[in-house]
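Below are two complexes that have chain A in common, paired first with chain B and then with chain C.
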Partner chain A sequence: MESTTPAGAPAADPARDAARDTESAEFDAVIAADGRIEPRDAMPDAYRKTLVRQMSQHANSEIIGMQPEGNWITRAPSLMRKAILMAKVQDEAGHGLYLYSAAETLGTSRAEMTDALLAGTARYSSIFNYPTPTWADMGAIGWLVDGAAIVNQVPLCRCSYGPYARAMVRICKEESFHQRQGFEILLTLSRGTTAQHEMAQDAVNRWYAPSLMMFGPPDADSSHSAQSMAWKIKRFSNDELRQRFVDMLVPQAEALGLTLPDDGLRWNEQRGHYDYGDLDWAEFKAVLRGEGQCNAQRLAHRRRAHEDGAWVRDAASAYAAKQATKDAARQEVSAA
Partner chain B sequence: MTSQAATQQAATPQAANGPATDNTSSAVDATPTAADSRDIAEYALRLGDDALVLAQRMGEWVSHAPELEEDVALTNIGLDLLGQARALLGYAGSLTGRTEDELAYFRSDLEFRCAHLMCLPRGDFAATIGRMLVVAAYQWELYERLSESADEALAGIARKAVKEVAYHLEHARMWTLRLGDGTDESHRRMQVAIDDLWPLVDELFRTDELEQQLASAGIAVDSSALRGPFDALIDPILADATLTRPDVPPAAGGGRHGRPSEHLGHLLAEMQVLARQFPGASW
Partner chain C sequence: MSGSIGDGGAPARSVVPEKAWPLWEVFIRPSRGLSHTHAGSLHAADATMAIANARDLYTRRAEGVSIWVVRSADLVASSPDEKDALFDPAGDKIYRYPTFFTASEGVPGL
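Let's turn to the complex of A and B:
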């Protein structure tokens, strides 16, 4: 897939170069016309590589993201909440599946993406390295983490790569359902007993800043943004999306009766937006480096599930091979 | 999708004054008396606790499955069981003045009525598939008959459940074949799984006076009558999967009568911990 890098390219082949120029012009024209690139269309290697990185990282995040919420399925405090939480975590597995499938259309197999995740060479959203010590974290994850994901992902429904854009349409619908469920958990807690209200406020205190950092570093420090925007994979900058999210949160926090832990938060009449305080990017980088509370735990859990399941996957392959042999033998007999 | 269905489970108490089915030889009036209502609630709790405890075990699988497709499938099965549990506990509660959550979170292990098989720890994937095969086959036979119950509420719950457990049975059957007739290792694990759970199978098919009375009124299903059809369903699957049907003595059981499995207390300690920290709170 990455065999055609320009650096150190073999001897010139004018016919191949001409074909590549035509393909490149076609790709540029589709992007300029706001069209969709489909799996069989020609595309620059770097575009393909960027998409595989982004889509597999997104799929990995869904899969790792099952853990912090899975943590509360067996302890959910009512049967209705248990059912809703199970359905939500199941949706996340489903999102991981469509995203891996969409990424496979670019020529990288799910097995390769899984191996990269387990080897620690592919990333997942750093937010899932934070722990979920209380039930209110189920509300805060839904409201803040899924809320930030939606703001990030709605523009991806218009992403230039067709399979990714189409997968995102369905994912965004389900995410928006999850966000409302999270809001509703927090609202119930906020209006509940004093201890429940405090539990909700504590969770919001812990998840607010990490959720703002989900949009990535400030635009000036973002290494991938400019090229992704030129390719129309990304439509808005990190800071634009973060601002949109903060503007959305403030009135919702008021409705919840909870405060946002940000001394810098105030309406800026001139900008027509809320100002917000500085974020602790040193913490963000530390968690990215693996120094969050749960980095090692999340990856170890995923590796263990994969290793524990190896004998099952081997059995399914062995059974399928036996069935194929039997089918072939039956066909031979019936043909004879 | 399933979470929307999950919110529709408040099984409405039926006046149970519908026509009695004519296929009971004893012409018993199926209109429950007050005593009948308590018996029906007890019967609904047995079925509901089976579903609830097994749903809890399925919930333990989330994010641990051998592949993503199985994470989706096992959770789906867990959600079906949880939906059945909510309908059955909701109905039992409507007859005795309690909510589904009071029944699920504020009864002790001595007050649960589930069979011991449901309480076994989740074990490996073979143990989960083996139990799912047995339970789904039993529930399929049960719910198919219960959908004809003279009690409209039970019949309605059963009519929905029978479609769900048909899928659970098919899922378990396919995996039993793959694991039983897959590799040497998977065959060994699947046989161990069946051997380990087999002593607990018998309890599912034991009947008692309460069930017999309700069965003669056309309300409940006589569990002892299900053993033959169950064996006829399971035996060919085990044979196709190259597995040996164990020949072991049945365990004493007692789950239906307040003699719970040792495993149940631990399961409830985890399931009930948060609800019991905040008694009376809404969630």
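Let's turn to the complex of A and C:
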């Protein structure tokens, strides 16, 4: 239920307050019972806002995330690789659209979210502001970036907001193809010529640390984590997920015959996990602020693509309007 | 209770610019013999485009053999506020389940 009281006005309606209390108790009970909140249920404004922020950021990341790989479609080393890469980039567009429509159920239109992205006021994952200078980057993105995304996204399939959880189930099913195709690209290069092996190693060297930072700041510095965990939007903390990812990478890197560029990486018998080196959070924050290598390029490209598509959107709207008028006229004639 | 629906029931309060394409709900039949199931929603200028977009968006991996689309604004949904009044009458009629009847236990074929 929406409040009709202007902001700042005294809340002096006991009936409304009572209704609010009941709604809030119902919301708390659903969350406590590990149930799902659905679009038309009452929910705290802060819960709605948090979800819109997270889901639109997630959707924007998928849309911007098409660019680093789109860069290599025309230069893929074989027709098969090209077809695979196109399918992967198309999936990313699809993931963006699943997430926008899930976010729309919270009352924010896709146009608003698109506008915020184009205006530069909405965020997307900072990982996509790194360049992709070699073909091996396609492998490293699939293996490391999509690998990290999967670790992050699997628990989101149990997120307390129904439409988000359902979109994530669909996305996770499709992501595992992305990760395996990346691994396969790296493995082929790693087993190829010395130059190809070095190219694969160079890409892993550049993407390793940024992919670890995809899980967000350490728990102690993460501003939204505790509340999101209480609401069961998040199920595990940033550091827990990062640890899970590192533990997964070590044997996979061995299988690839590549090394991970981390002096602090060693098995910790006591913890039963791999320790890893400190990450450069100053770099992470700088890229978020817009100082990454490709921030300006990614946004400029997105804006251009949106503007270039304007005539198509307008033409489709005009055609639909014309057809609707014709249909209406036809119905009038047949009714007469 | 009618209202604009997204993913099975969004609040009808999004401000859609006039030129924006309307929202459609997509239902997919996964294979012959099964019902159409809600898959999600998308934007399209008209029904033909909604079907084409649904094909690209929701059936990239042979997830369906048939697609329904309906304008979200045309869906009518029950309101969460009416949940009790609507569904409570079914709650206390345990005799609608076969497990209510125990006298036939042990009798073959029942």
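One rule holds in what follows: the second predicted complex is superposed on the first by the 326 of 336 C-alpha atoms of A that agree within 3 Å, B and C clash if a C-alpha of one lies under 4 Å from a C-alpha of the other, contacts with A are read in each partner's own complex, and residues count from 1 in each chain.
Methods note: a contact is a pair of C-beta atoms (placed from the backbone, for glycine too) under 8 Å apart; a residue touches a chain by one contact, two chains touch by 3 or more.
Computed from a prediction, not measured in an experiment: that's the story for all the values here.
Once chain A of one complex is fitted onto chain A of the other, the partner contacts of A:192 are limited to chain B, with no touch recorded for chain C.
In the overlay built on the shared chain, the residue A:316 is in contact with chain B and with chain C. When both complexes are overlaid on chain A, the residue A:70 reaches chain B alone and has no touch with chain C.
By the document's definition of touching, of the two partners only chain C reaches A:107; chain B does not. Contacts of A:241 after superposition: neither chain B nor chain C is touched. Legend: residue contacts after superposition of the two complexes on their common chain; A:308 is shown touching chain B, with no touch to chain C.
Within the superposed three-chain model, A:97 lies in touch with chain B and with chain C [touch as defined at top].
By the document's definition of touching, of the two partners only chain C reaches A:39; chain B does not. The intersection of chain A residues touching chain B with those touching chain C, taken from the two complexes, comprises 87, 90, 94, 97, 313-314, 316, 319-320.
Residues 3, 6-11, 13-17, 19-21, 23, 40-43, 45-46, 49, 56-57, 60-61, 77, 79-80 of chain C are the ones touching chain A in the complex.
Contact residues of chain A toward chain C in the complex are 2, 38-42, 87, 90-91, 94, 97-98, 101-102, 104-112, 162-163, 166-167, 170, 174, 313-314, 316-317, 319-320, 323-324. Partner chain A is touched in their complex by these residues of chain B: 1-3, 6-7, 9, 52, 56, 59-60, 62-72, 75-76, 78-79, 82-83, 85-86, 89, 100-101, 104-105, 124-125, 177-179, 181-183, 185-186, 189, 270-271, 273-275, 278, 281-283. Within the complex, the chain A residues that touch chain B are 63, 66-67, 70, 73-84, 86-90, 93-94, 96-97, 100, 135, 177, 181, 185, 188-189, 192-193, 195-196, 301, 304-305, 308-316, 318-320, 322.
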